[in-house]
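Down below is the structure, laid out as structure tokens.
Each chain carries a letter (A, B, C and D) given by its place in the written order, and its residues are counted from 1.
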Amino acid sequence: MVTPLRGRDELDLAGLERLIEHILSGGIDGLFILGTTGEGPSLSYSLRRELIERTCRLVRGRVPVLVGITDTAFVESVNLARYAATAGADALVLAPPYYFVEGQPELQDYLDHLAAELPLPLFLYNAPRNTKVQYDPGTLRRAMDQPKIVGLKDSSGNMDYFHQAVGLLKHRPDWSVLIGPEELLAEAVLAGGHGGVPGGANLFPRLYVQLCEAARAGDVPRSQQLHAQVMLISKSLYQIGRHPSAVIKGIKCALACQGICDDFMAEPFHRFRAEERVRVQRYLPELTTGVEKLVGNHHTAPSGRSTPQLGASAQA
Amino acid sequence: MVTPLRGRDELDLAGLERLIEHILSGGIDGLFILGTTGEGPSLSYSLRRELIERTCRLVRGRVPVLVGITDTAFVESVNLARYAATAGADALVLAPPYYFVEGQPELQDYLDHLAAELPLPLFLYNAPRNTKVQYDPGTLRRAMDQPKIVGLKDSSGNMDYFHQAVGLLKHRPDWSVLIGPEELLAEAVLAGGHGGVPGGANLFPRLYVQLCEAARAGDVPRSQQLHAQVMLISKSLYQIGRHPSAVIKGIKCALACQGICDDFMAEPFHRFRAEERVRVQRYLPELTTGVEKLVGNHHTAPSGRSTPQLGASAQA
Amino acid sequence: MVTPLRGRDELDLAGLERLIEHILSGGIDGLFILGTTGEGPSLSYSLRRELIERTCRLVRGRVPVLVGITDTAFVESVNLARYAATAGADALVLAPPYYFVEGQPELQDYLDHLAAELPLPLFLYNAPRNTKVQYDPGTLRRAMDQPKIVGLKDSSGNMDYFHQAVGLLKHRPDWSVLIGPEELLAEAVLAGGHGGVPGGANLFPRLYVQLCEAARAGDVPRSQQLHAQVMLISKSLYQIGRHPSAVIKGIKCALACQGICDDFMAEPFHRFRAEERVRVQRYLPELTTGVEKLVGNHHTAPSGRSTPQLGASAQA
Amino acid sequence: MVTPLRGRDELDLAGLERLIEHILSGGIDGLFILGTTGEGPSLSYSLRRELIERTCRLVRGRVPVLVGITDTAFVESVNLARYAATAGADALVLAPPYYFVEGQPELQDYLDHLAAELPLPLFLYNAPRNTKVQYDPGTLRRAMDQPKIVGLKDSSGNMDYFHQAVGLLKHRPDWSVLIGPEELLAEAVLAGGHGGVPGGANLFPRLYVQLCEAARAGDVPRSQQLHAQVMLISKSLYQIGRHPSAVIKGIKCALACQGICDDFMAEPFHRFRAEERVRVQRYLPELTTGVEKLVGNHHTAPSGRSTPQLGASAQA
């Protein structure tokens, strides 16, 4: 989930409520806040706490809430994890510490020590484009010996890696292995992954939910059709700016155009200017029509089932 | 300066005092805390504040204190900067936000907005191995239009970049251009740089001070001699561990062997085990003898001069 | 296809014949020589010419022969292409020049100029791990305006890129879009790709042919089953050495263990020593049994159909 | 030395003669052909042989001629080396094979095997931006046990690496350690290196020769002055194009503007168009005046001394 903001250190509260309802109406099975798309590392700690508290309150247990606690400072990750547990969150998500370049044995020790302090189940978040360091397959295997660690979100973009993670499921059949980049969601689920955490589900939650369902059912033509729509979104809406921030800016701008929430961005980023916004507005009608043709536009009540495999489907 | 720790969230207070006196006795011209060697990003915010407050108190104005405020969250950088100003620090040091990969125009806007909020002069800290993003020469040039920005510490290891920064001094003759890696200190000062911020000055402050002085005086044979000793340290003491953390671990372990401070490391790192410590102990006598032959072992009172070019010489 | 060698500049002629018959017996639809797995860039020009001539003669038109002409020297690529045409090859394969780092406009001009000189249809070979430079999607789009360019082999490992290439097929429905890494073959074909060029097809050609067929038929359970076997091969046989050369060394060593051809490697590589060979011999029986259980061990006559989409299935 | 061309596979013979005389008139101590600036890997083998033969004939033993034999094919490197020896060249220059990513042990074996076949002394050429792989310090140390290997040209841009190479000279005091990038020439020689191989010496040979001499003499102010002029050239003339090829294009275009040789480039590059040429012409007068003020414009006869340390000063 993106983080709706009104200012540098202020949530867009009305937008947050509308956004949560919009996403849940798509039938998603879990909500991930304070991740990359959520600009987590760019937010002050007090804002992160407020977001956790309000999100849990607004979701009211309809779906599990997963909270990103990735940090360069161990103590701050623990602090945030404890806050999340008290606020009623369901699980935590953790990428490697991202200032230093730690070796895998160092990362393994870090995971052991951190997991010991955590009050909630933990998903690993593999995001080497942001963190430089990845969880190597050997580190994943070792993390499976920690009962508190329950799954992986892989945003590496490296499907060979993802297949290795799926191959490790025989050691922990209860793990959830989720894919980050939505461009890879179809193949990830067709290959035995449990679901994904697509940023685009902020906008079109039903599209990604139905893609997951089609792929899980082994329906290749339907998967291809929905996947083609995802690629259309990715190669238009996400490529308006010149920098890697274009993806988040595009999603936030589209949400603002749809009246769902403000498109204010945390530093070091800034919302699209008029010129880029015009391009977003030009793409949106066609994309929306395309999505509705494929998945309908009626709202779906969230399934609300609370499986042991947290987040086993599309999450925003 | 390394951060002497006794535990995951606890300073080694006696060690901190001994370390500061040890470094200042070498004649250094400034003290930089909460940088990379100081494990800044790995420390909790309360510990960072405590370190700032105690360091300023212990230094008692004998040399300028520079405080690292690098953060992924704009608001937290500002908070820390304000705390540092109140505690009596002299300047701030800032690397680019290091989770996202921001474009240079985004980085320029960020610098403009942040500088406007800062209560103290600011040094830019170019550290692309940790932050992925660098301050491009064009961004340096633009930063020179901000009176509040007063210098650069370049840890890129790219001397072509450093020369470009020196070349820009004509636009801001009051800037200090400092080098990070101590292996490049001699040539950086010979090329017109003002000094360096060598991690090794935690151990052998006089060595780096005298290297700066020799290079500033254009004394090539003396510079080569001192530089050769720096390379000896770098290729022995800093290469004991297998991971990039070996440099900080080596320095902290050597300081512990010398009875100066504890070698506890903040997560995700851990102090050297017995095996590596033995290797440090084997190197230390020879390195110490080598340094003393070159620079003597008598203590020097810090010069204490407060030039407008903060940190214009070796800093730890 | 790997290049069977007996010495630094000498083909293993008997091995070449056995290898070709072995691969063709698996039902593959095309044979790619002088690629990465074929150690093309490591071979002398006279050896490359001899390999082309002998391969074309031994294949006798049963399947199309595709010849790698990647080179840093334009003139040598043209020379080799002309030789291949005379020898009876069917198509050419070209990665970007790989010493300099050319920009995309430079690469586009290069493609235009080279295609104009070529006597045979050309496949682009995207292999940025070896060439540093990739064919950007915009360069692919532009290459589609060249009738002589007929397809793409993508070895980037980046499935988002592959999906973009598939998305471009609307501009040239006659193109073949093939995947390089065999770990990605299943999803590539499920996503609308035409086939792959798996190195493992030197050993187990039927496995990859049947995987392509299952994926093309949208048979997800069968695809997953065959894909799991491919992953087993990849994570055992290809990971014996410490260097990236381990993949080719593993394949050649396994072929030698099976009595198909010599495992001599061109410089800068060398065949596995006894220690690694023992590990290959330990893996082989289980892998062979696994493959035979899935795809049988009877030989299949090559289909021999000569479609306009050269190489539209698994190629070695 | 750049390679003067008139067409895709044709030398500019008159230009070659003028260029050699121009460079030699600057007092350089050796001539390096078929390197990166010489577009070696982009030239056909017959052209490379012709260039070797003609250059040796035109130089007439006035300075040593060094010939690049870097290749992905071992056999072709040997062939070219033998040709160079017969033509009268003095030494060979070799970067690692650059298609595959070889490990250091593989590279060490390769060096051992290749050196055994070479008829002339060999310089190692460290150029990881082009070859991906570098000669690690341990590999350099091991190469020093080969009497036939006599030196290093380091184009990595990493001065820490260069200092390590200088530090290894105690094992082979007869080695020459040369720097590639001209932006680092001053500090390389001040640090104990023997000289450089600056591309700019095609244009202004005396500038680089005098910079070497000043640095060797420990004359820091003079070194800084000449270095500043090198930086002016680097940050104007070499930054006109958008791609990394801009350096070679800039040098060749400037040579053409001065009537020395044609600026035809081998594929995949092309000479500057009118627009960029105008910018070169705008920079040239000021750069030339600056250089002449510093080093005079009278020609110097090459020193012609034939030391055992081949290329112990600036080479083009």
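Remarks
The rule is short, and it goes like this: contacts are C-beta pairs under 8 Å (C-beta built on N, C-alpha and C of every residue); 3 or more make two chains touch, one makes a residue touch a chain.
None of these values were measured; they are calculated from a predicted model.
Because chain A and chain B carry the same sequence, their contact can be compared by residue number, and over half of the numbers here are used by both.
The most distant chain from chain B is C, comparing centres defined as mean Cα coordinates. Chain A and chain B have CA centres that are 37 Å apart. A straight line joining the Cα centres of chain B and chain C is 51 Å long. In chain B, no position touches at least two other chains. With chains as nodes and touching pairs as edges, the resulting graph is a single ring in which every chain has exactly two contacts. Per the contact rule defined earlier, chains pair up in contact as A-B, A-C, B-D, C-D. Those residues of chain A that touch chain B in the complex are listed here as 8-9, 36, 41-45, 47, 72-76, 79, 96-103, 105-107, 109-110, 113-114, 129-132, 242-245, 266-270. If you check the complex, the residues on chain C that touch chain A are 157-160, 163-164, 167, 181, 183-184, 186-187, 190-192, 218, 220-221, 223-224, 227-228, 231, 234-235.
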